[in-house]
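Report on the structure given below.
Chain nomenclature is as follows: A, B, C and D, assigned in order of appearance, with residue numbering initiated at 1 for each chain independently.
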C-alpha cells in the first residue's frame, strides 16, 4: 500500500495534476474565509466593469489628510492618459486641414501641440467632408484638454444652501495624493464585474465550489451505479449479466448528453436545483464505469484466488468485498476522477443551453458562462467575464485527467517506458 | 463472406433495437418527470401566446398529435405513427413553422459541420498519437500534456477562444451565423464563399477538441502494439522499421474506430454547444431557442433526431470496422 | 493405506456451456469412482474438459447432468452452508501459484482462514500460532519469517508449498491438484511432489491429479483416467494404462511424448 | 571437422531497467555450431536462455543492450556492424528466429503471403509479387503446408498450423542458422511432435545448415539436438553431446536437472527424483563466487571466493566447477 502511494507520488503527471487541483480546491475553501460577500450580490450599476481598484471619488475629494508627492512623471502620465495617440492623429488631421504645414506640427511634443491647438482651433470652422459627429468630437476633445497643462489646482466648491451661490471650499493641487489605505470606501475587483454588476472573482470562486460539488455528486452517483451494476453483472453472469449488459450497451450508444437535455427540460425550471442537476448528470453517465468494472470483474472472477477464497468458505459478499473490490479499486478511483470532471463539463454544457440549475440561488461555472454569452461579453471584448471561467473549467478538468494518466502509468505497466 | 454477413445482420438487429429503445425513451422520459411537460404545455397553450388564433391552432393540433387525452399506450402508438410521417406538430416558439420545418432547416448544417470535423480531428489526432508513441522523447513529452489539455478544454471554451482571437481581434472570420445574414441562400459563388468563411471557426474548434482525445487514445494503443510479439518477430526477420510502423499504425487504429463509434455520442454533445457559441444555424442553436422559448415539441424532436444521427454513425462505423478487421470475420464463422 | 471404500464417484456427469449454435459439451457423461487412499490422475490434452471436470468435482461450477456421490451419499451443495461443509472435505491446489493468492492479504491471513474453517476461529492466538508454525515447518517454510509478508513475495515453489501448508491445516479427505507443478522449475518439482505424498500419509487424504503430463501421471498415481474430448477413453492402474495401453488414443498420446530410452518416432505424425 | 556456421565468443548482453539497473542476462557465453549440427540450450526459467536467443542475432533494441563479445556467422564477424546493415544482410538470410510466443508472432491484420512479401522485400528489394508467391508456395509445399494457408489471416489458422506457418516464414530465405526459442512449449504433444518434425526436416532438406534449439523440456532436447548446453544464472554451466549430458552429467546442477526428468517409461516409478533446494541468485547483483554455490551440496569454501571458469573436460566437454570431473562422478556413484 505504502509502496503504491510512493509510486503514485513519483509520477510527474500525477503531481502536476494534484498540485493544480489542490490549488483550486484550497482557493475555494480559503477565499470565503477572508472575503465573505454574497457571490450574487449586485455591486455596480453599469455592466462589465473592468478589473481594477475602485476608489470612492467623494471620499478622496473630501479627504482631510492629503500628502504632497513630488513625482516628475505625474503630468506626463495624466496627459498621456487623456491625450492618446489616436487623439493626436486627429488633431494633426484638423490642423493640417486648416492650412498649417505638417512640418510645423510635432505630435510628440505635447506642450507645443496643445499650444498650436489653442491658437488655431475654432469649432465654427467647417472643413470639407467633416460630419457633425466629427465636429462634436473635436469640441469634446477641446473641452477635455482644458487646463490639461495648467499648473494651478482644481477648486472644489460647495453650494451655499442659503444663497444658492457657490463657495470655494477646497483646492486640490496637482501634487496632492491620498493614501488608499485611509480611504474608507474602495473595492478591489481583480476580475471586474459581470453583466449584472457582480464581483466576478467572488462569483467565480463560489461557482467553482458549486461546480466541484456538482461534479462530486454526479461522479459519486455515476460511479456507485456503475460499480454496483458492473460488479453484479460481471460476477453473477448468466441472465442478470445479459440484461445489465444489454442496458449498458444501449446507453453507450444513445448520447447521454441528449438524454440529459431531455430530462433537464422535462424537470422544469422550478425543480432544477444544483443538486437535482448533479443527480441527473450522474444518472446519465454511469455507463463507462459499468463497462469497465464488468470487464475487470469478469477477468477476475475465474481467477484461482477467487476459487481459493470460495474453497475457504467465504460468502459472496466477502469475496466481492475482499477478493474483487481491492483489485478494481484503482480503476474505480480513476473512473470517479473522470466522472467528476465530466460532470462539471456536463453542467457547463447544460447551462449554456439554458438548462442549468435555477439561477436565483447559486452561481455555477456553466451559469457564469451562460450569462457572459447572453450579454455577448466575448464580442464586446470583456474578457474578464468569460475567460477566467473557461480557464477554471479547463484547469479542473485538465488537472483531474493529468492525475488520472499519472495513476494509469502506475497501475497499467504496459504504458510505462 | 458468411462470417461478415452474420456480423452485419447481428449489428443491424442491434441497431434496430437501439432505435426502438431511443424512440421509447424519447417518448417516455418526459412523461415520467414530475409535472408531465407534455400535459403542462398543452395546458399552458391557452394563456401563453399573444396570437389568439395561433394558440388555438397549436392547442388543437397538439392535442390531436400527441393524443394527450388518451391512455399512455395509445399515445405511444400515435407518437410513433406521427414520427414516421415526419409530423412533429407546430413549433411553439416559432409558430406558424412546423417542427419538421425548423429541424429540416437546421439538421444539414449540423451534419455538414460535425461529421467532417470529427473525422478530420480523428485522423489528425491518430496520426499525432502514433507519432508520439513511436518517436517518444521530446515530441511525446510536449504532445501528451498538450493533448490532455486540449481534450479537457470544454468544447465551448475552445469555441470562444477561437472566436475572440480570430473574429473579434483579428477580424479574419465573422463572429456568428452560417452565412452572411444580408444574403439570401442561393447557389451563387458569393454565397458559397460566405458559407465557407463562416464554416471555418466552428469546424476547427471541434477538430481541435477531437484531436486531443484521439491522440491520447492512439498513443497508448500504439505503445501497446509496439510491444506486441508480432512487432518483435517482424524486426528479427529484418523487416524495415517503416513497414513495422505501418503495421502498428493499422492495428492500433482498428480499436480506435470502435473507440470513435462508442464516443460519438459524447462528441456530438460537446459539438452542439460549440454551435451555440458561433450562433451556427444547426441543431445546437435550435435546442437553445427551443429551451428559451419553452418549446417542448421542438426539444423532443431535436433530441430524437440527434440520437438517431448518433445511432446511424455508430452503426456505420461498426460496419466499416467489420470490413477492415479480419478478426471479426473469423470470430463469426467459428 | 488403500481401502476399498469409494470416496467420490460420478455417474453420467456432464457439463454443457452455452446454448443453440454456441453449445459446447465440455464434459460428456463421464462415470468414475475414486477409492479412498488411492492416488488418482486424470490425464488430458488442453480442451479435453479435465479442468471443467475438476471444477465440478470441487463444486465450483454446477453439473449440467448426472450425479456425484461423496462417501456414498448423493452430493447436495445447493446452499452456501452445504458447500462450506463439502469444502471441508475437498480442497485444491491450482496450477499458477502467482494467481492463486489474493495479493492484498498477508500469509498469516491465508492460514488463519484455514484454522477458522476447521472450527479453530475461537482458539487462543498462541494456539493458532502453533498450528501455523506446524503447518509451515511441514513444508519447510519458516513461519516467523513470513508473518508480515505477502504470498507474492515468495518464489513460485515456495508459494506452492504454502498452498500445501494450507491443505495441511484444512485436512480435507480429497485434494484436487490441478497441474500443481507445471508452472514451477523442474528442480522444485520433486520437492512439491514429495511434500504432497508426505501430506497424503500424514492426513490420510485421497489426491486427484489433473494433468496433461502423462509421465507425471505415471510417476505419481495408482489409477489413471485418460480423457479425450470430454470423455474417459481409458482407465485402470497406472502400470496397465501407461505400459500396456489398450486404446488407440492412449497409445498415440504415449507415442507422441519424447522419451529417453525409446526412439521417438517422428514418422508417425 | 565440419565448417563452423555460428561461433560466439564471450558474448555479454544486459537489460537496462527503468531504474537504470543493469541485469547481465547473458554473461560471457561462448558456443560453436558446425554445419549440419544442432545445439540445444537448456535451463530453468530466468537462466538467460531466451535472452541468449535474442542476443545471438546481433540486433539489439531496448531494453536489451550489447555489452561485449563477438558473434561470427559463416566466418563473418557481425559485432560492430551498423544495425541497419545487420538487419539487411544478416536477419532472415543468415540467422533466423522462431519466437517463444509463436501464437502471436504474426501480424493479425495481414495475410500470411503479404507478410512473407514484406520479409522478402526487406532483403531483395524489387522482387515481384509473382516471384514472392512462387517462392512461398514452393517452400510451404516442400514443408508439407498447404498453399491455401498463404491467403489466410493468422486468426483463421489453428495453433499448430500457425506455429508451422511461422517456421516456414522464418526460413523463407534459407538462413544458415535457425534459432528456435521454445517453439512447441505451448502446444499439445501431438502438435509439438509435428512442429519438431518440421524443424528436423529443415535440416534434412538442407534449408538451414544449423539449428539452435532452446527449451526447458529436457527429453525433447535429448531427442532433437546433437549437443546440449546448460545455462544457469546467465552463464554456461556445462556443455557436451546430448547423450553424455543426459546420461553422464558432470556438474552437480546438470546432474540434478537430468535427475528430475519424468518420462512415461517402465522403471520411472522406482526412481527418486532429484530436487535442489533454494532459488537461483538475483542477476542484478550476482554472487562473486560460483553462482550455484548457495544450492550446491558439494560446496567448498573456495567456491564462494572468486568466479569459477568453464573447465575443459574429456572430449569436447566443458563444465563450470572447481571439483575435478572424476571426484564428482565418484560422488554420484557413491550416492546411488
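Note that a contact is a pair of C-beta atoms (placed from the backbone, for glycine too) under 8 Å apart; a residue touches a chain by one contact, two chains touch by 3 or more.
All values reported here derive from a predicted model rather than from experimental measurement.
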Shared chain contacts [subunit B and subunit C, defined touch]: A, D
More contacts between chains, A-C or C-D: C-D
Cα-centroid distance, subunit C relative to subunit D, in whole angstrom: 33
Inter-centroid spacing, subunit C versus subunit A (mean Cα positions, whole Å): 65
Separation of mean Cα positions, subunit D and subunit B [Å, integer]: 55
For subunit D, residues that touch 2 or more chains besides their own: none
Touching two or more other chains - residues of subunit A: 417
Chain-level touch network, classified as line, ring, star, complete or other: ring
Chains grouped in pairs wherever the two touch, ordered by label: A-B, A-C, B-D, C-D
Subunit C - residues contacting subunit D, complex: 45-46, 155, 157, 185-191, 193-194, 212-219, 238-239, 242-243, 252-254, 256-262, 264, 266, 269
Subunit B - residues contacting subunit D, complex: 228-230, 232-240, 243, 247, 250-251, 254, 324-327, 330-331
Subunit B partner contacts - residues on subunit D that touch it in the complex: 54, 57, 59, 61, 87-88, 90-93, 96-97, 99, 101, 104-110, 115, 118-119, 122-123, 153, 155-156, 166, 169-170
Partner subunit A, residues of subunit B touching it in the complex: 14, 17-18, 21-22, 25-26, 29-30, 33-35, 37, 40, 136, 144-145, 148-149, 151-157, 160-161, 163-164, 168, 175, 216, 220, 223-224, 227, 262, 264-266, 268-270, 272-273, 276-277, 287-288, 291-292, 296, 299-300, 303, 306-307, 310-311, 314
Interfacial residue positions of subunit D with respect to subunit C in the complex: 44-45, 188-190, 192-194, 196-197, 200, 216-220, 222-224, 246, 256-257, 260-266, 268-269, 272-277, 279
